[in-house]
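Quick heads-up: structures coming right below.
Shared between the two complexes below is subunit A, which has subunit B as its partner in the first and subunit C in the second.
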Partner chain A sequence: SRYYPTEDKPRKLRSRKTAFSKHKHSLRSSITPGTVLILVAGRHKGKRVVFLKQLDSGLLLVTGPFHLNGCPLRRINQIYTIATKTKLDISGVKLPERLNDKYFNRKQLKKPRHTEGEIFDTKKEVYTVSDERKEDQVAVDKQILDVIRKNKEKKLLFGYLGSMFSLGSRQYPHKMVF
Partner chain B sequence: MYCKAVFTGYKRGLRNQHENTALLKIDGVGSKSETPFYYGKRCAYVYKAKRKTACPGHDKASRIRVIWGKITRSHGNSGAVRAKFRKNLPSTAMGKRIRVMLYPSQI
Partner chain C sequence: MVLSQFRFVEVGRVAYISYGPDAGKLAVIVDVIDQNRALVDGPCSGVSRKQMNFKALELTSIVMKIPRGLRPGNLRKAWEKQEVQKKWDSTTWAQKIANKKKRAQLTDFDRFKLMKAKQARNRLINVEFGKLRKTVKRPAPRLRKKKSVKK
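Entry: the complex of A and B
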């Protein structure tokens, strides 16, 4: 007599772990769309960038604007940002629909396949900026720069976003108001 | 982009010391009320060695090495702070510079 299990497929036990896609992401109250953030880590550290929106993964979407400080449309984690009290009114700014996490995911560069005689000849694929990125960058930055131009303090803002944050001597972050 | 701090010693009673916790004196922080900004911040002891080792993000190996850690809590009333490092700090680091980073940021 054979053993016949009562269920065709064994059911997984309930796990208390939630998948990343189901995590709830909070946003610091000091960060609202249009806030100028200071990036504190990464290759753009020290730059002052404009916060656009929080993506589904919880990461923040920011842009330099690229013309002012070389920071492109980019994702960053809010723990690597300091929110300043400077805010721009970007309620009228329309972001392209396709700016989501999938768009910003790292692309796997194809590793060069080594054939018989060409081991040292095949070139490594280097990352190049795709045309859609350039399009989106221009589209978004145009709107942000317009917002800055309409602002009362546009001269100050252009200089502010173009300059870098740094700590000088006798400057202590715990005593600063950002 | 970091705050300057000094490694003043290990957590200790008069006659016993516990090397797993380091005491740091952060520049400009003079009282306990000023320390909460630094809780959780990552800190690094940067030093140079004779042999070159590979480092992430660079093609060439470098002589610079780091021991990472984080600030856990305040220590005493005058602004000193306790930190735990991934590997205990070497005693030769006493009196030397420790970099206190500005991340994870909470402002």
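Entry: the complex of A and C
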């Protein structure tokens, strides 16, 4: 005798796994918009950057500003940052609306396809900065540099954001205030 | 060895408590119990009247004029009248402690500003030093005998 299921569509059992899009992303209370963060890992490690906002994926959107330390508009995970007590007032800064996770997703570069006659010398696609990135960088950085210029300690702030962080001897991070 | 170079344990000697729950506070030695312990009280610094081992007490240069066993209320009056806190704050010891505390609370930006300030100061010092160096007459450098090539 054949097995006939009682339901037309078998129900899936409840899984305790939630999709990434439904995850709740927390943000350290020490990180607020305008906080200067020290990047501790990655390409820009040691740099002091300005935190702009947290994106939907939970990653932080930061900018160098690019002119000061070469760090562009970028996403980073908050676990690779040290939040300092230095905060800029970026309440008046308007970020372009297109800055979201999709904007920052890695672009798939075309892999060189070997056609019949050309085994070697097929050009690899190199990453180039798109014009919209350059536009947004300039737009955001202009506002942030204006905020710094209004600050009383602007000369030192410019120097601060342009310099790199390092630990000296007898400097223990767990005993330091950032 | 002159006796006056020592700080003595005596009634009225103000001590800095170096460890324990009251570490960092000032207290007066009100009475001596035995070879190891003193009766200590710090009404204005939050130290309740208690016995303390001398090991935990670091004697300061401040001595109060109080009778032995002075009660806390009158001790507080004497402390305020004899301006113990003011005398303590003017000592280099207290200033060093305060500086250490300040350094520990410096933020990353403060440390950067401190570094820049130190650089600016050192530049000034080096400029002056360079000027002084030029004024000093230097002895003529001794000519070395050229080594003759032996055949």
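Throughout what follows, the second predicted complex is superposed on the first by the 170 of 178 C-alpha atoms of A that agree within 3 Å, B and C clash if a C-alpha of one lies under 4 Å from a C-alpha of the other, contacts with A are read in each partner's own complex, and residues count from 1 in each chain.
Please note the rule applied: a residue touches a chain if its C-beta (ideal position, glycine included) is under 8 Å from a C-beta of that chain, and two chains touch if they have at least 3 such contacts.
Keep in mind it's a predicted model, so treat the numbers as computed, not measured.
Clash or fit: subunit B against subunit C, after overlaying the two structures on subunit A?
Partners fit side by side after overlay.
A:Lys175 in the overlay: touching subunit B, subunit C, both, or neither? Say first, second, both or neither.
After superposition on chain A, A:Lys175 lies in contact with both partners, subunit B and subunit C.
For A:Lys85, is the partner it touches subunit B (first), subunit C (second), both, or none of the two (neither)?
second
Scan A:Ser163 for contacts with subunit B and subunit C and give back first, second, both or neither.
second
Look at A:Ser30 in the shared chain and tell me whether it touches subunit B only, subunit C only, both, or neither; answer first, second, both or neither.
Only subunit B is touched by A:Ser30; subunit C is not.
Using the superposition on chain A described above, determine whether A:Lys45 touches subunit B (first), subunit C (second), both, or neither.
It touches subunit B, and subunit C stays clear.
Identify the partner contact of A:Ser1: answer first if only subunit B is touched, second if only subunit C is, both if each is, neither if none is.
After superposing on A, A:Ser1 lies clear of both subunit B and subunit C.
In the superposed model, how near does subunit B get to subunit C, counting Cα atoms only, in Å?
Checking C-alpha atoms only, subunit B sits 12 Å from subunit C at its nearest point.
Taking the stated contact definition, name every residue in subunit A that is touched by subunit B in one complex and by subunit C in the other, in rising order.
Common interface on subunit A, subunit B vs subunit C: 82, 165, 175, 178.
Residues of subunit B touching subunit A in their complex?
1-3, 27-29, 34-35, 37-38, 101-107
Residues of subunit A touching subunit C in their complex?
36, 38, 48, 82, 84-86, 153, 156-157, 159-160, 163, 165, 175-178
Using the touch definition from the top, list the residues of subunit A that touch subunit B in their complex.
Those residues of subunit A that touch subunit B are 28, 30, 40-41, 45-46, 78-83, 165-167, 170, 172-175, 178.
Per the contact definition, I'd like the list of subunit C residues that touch subunit A in the complex.
So the residues of subunit C in touch with subunit A come to 104-109, 112-113, 116.
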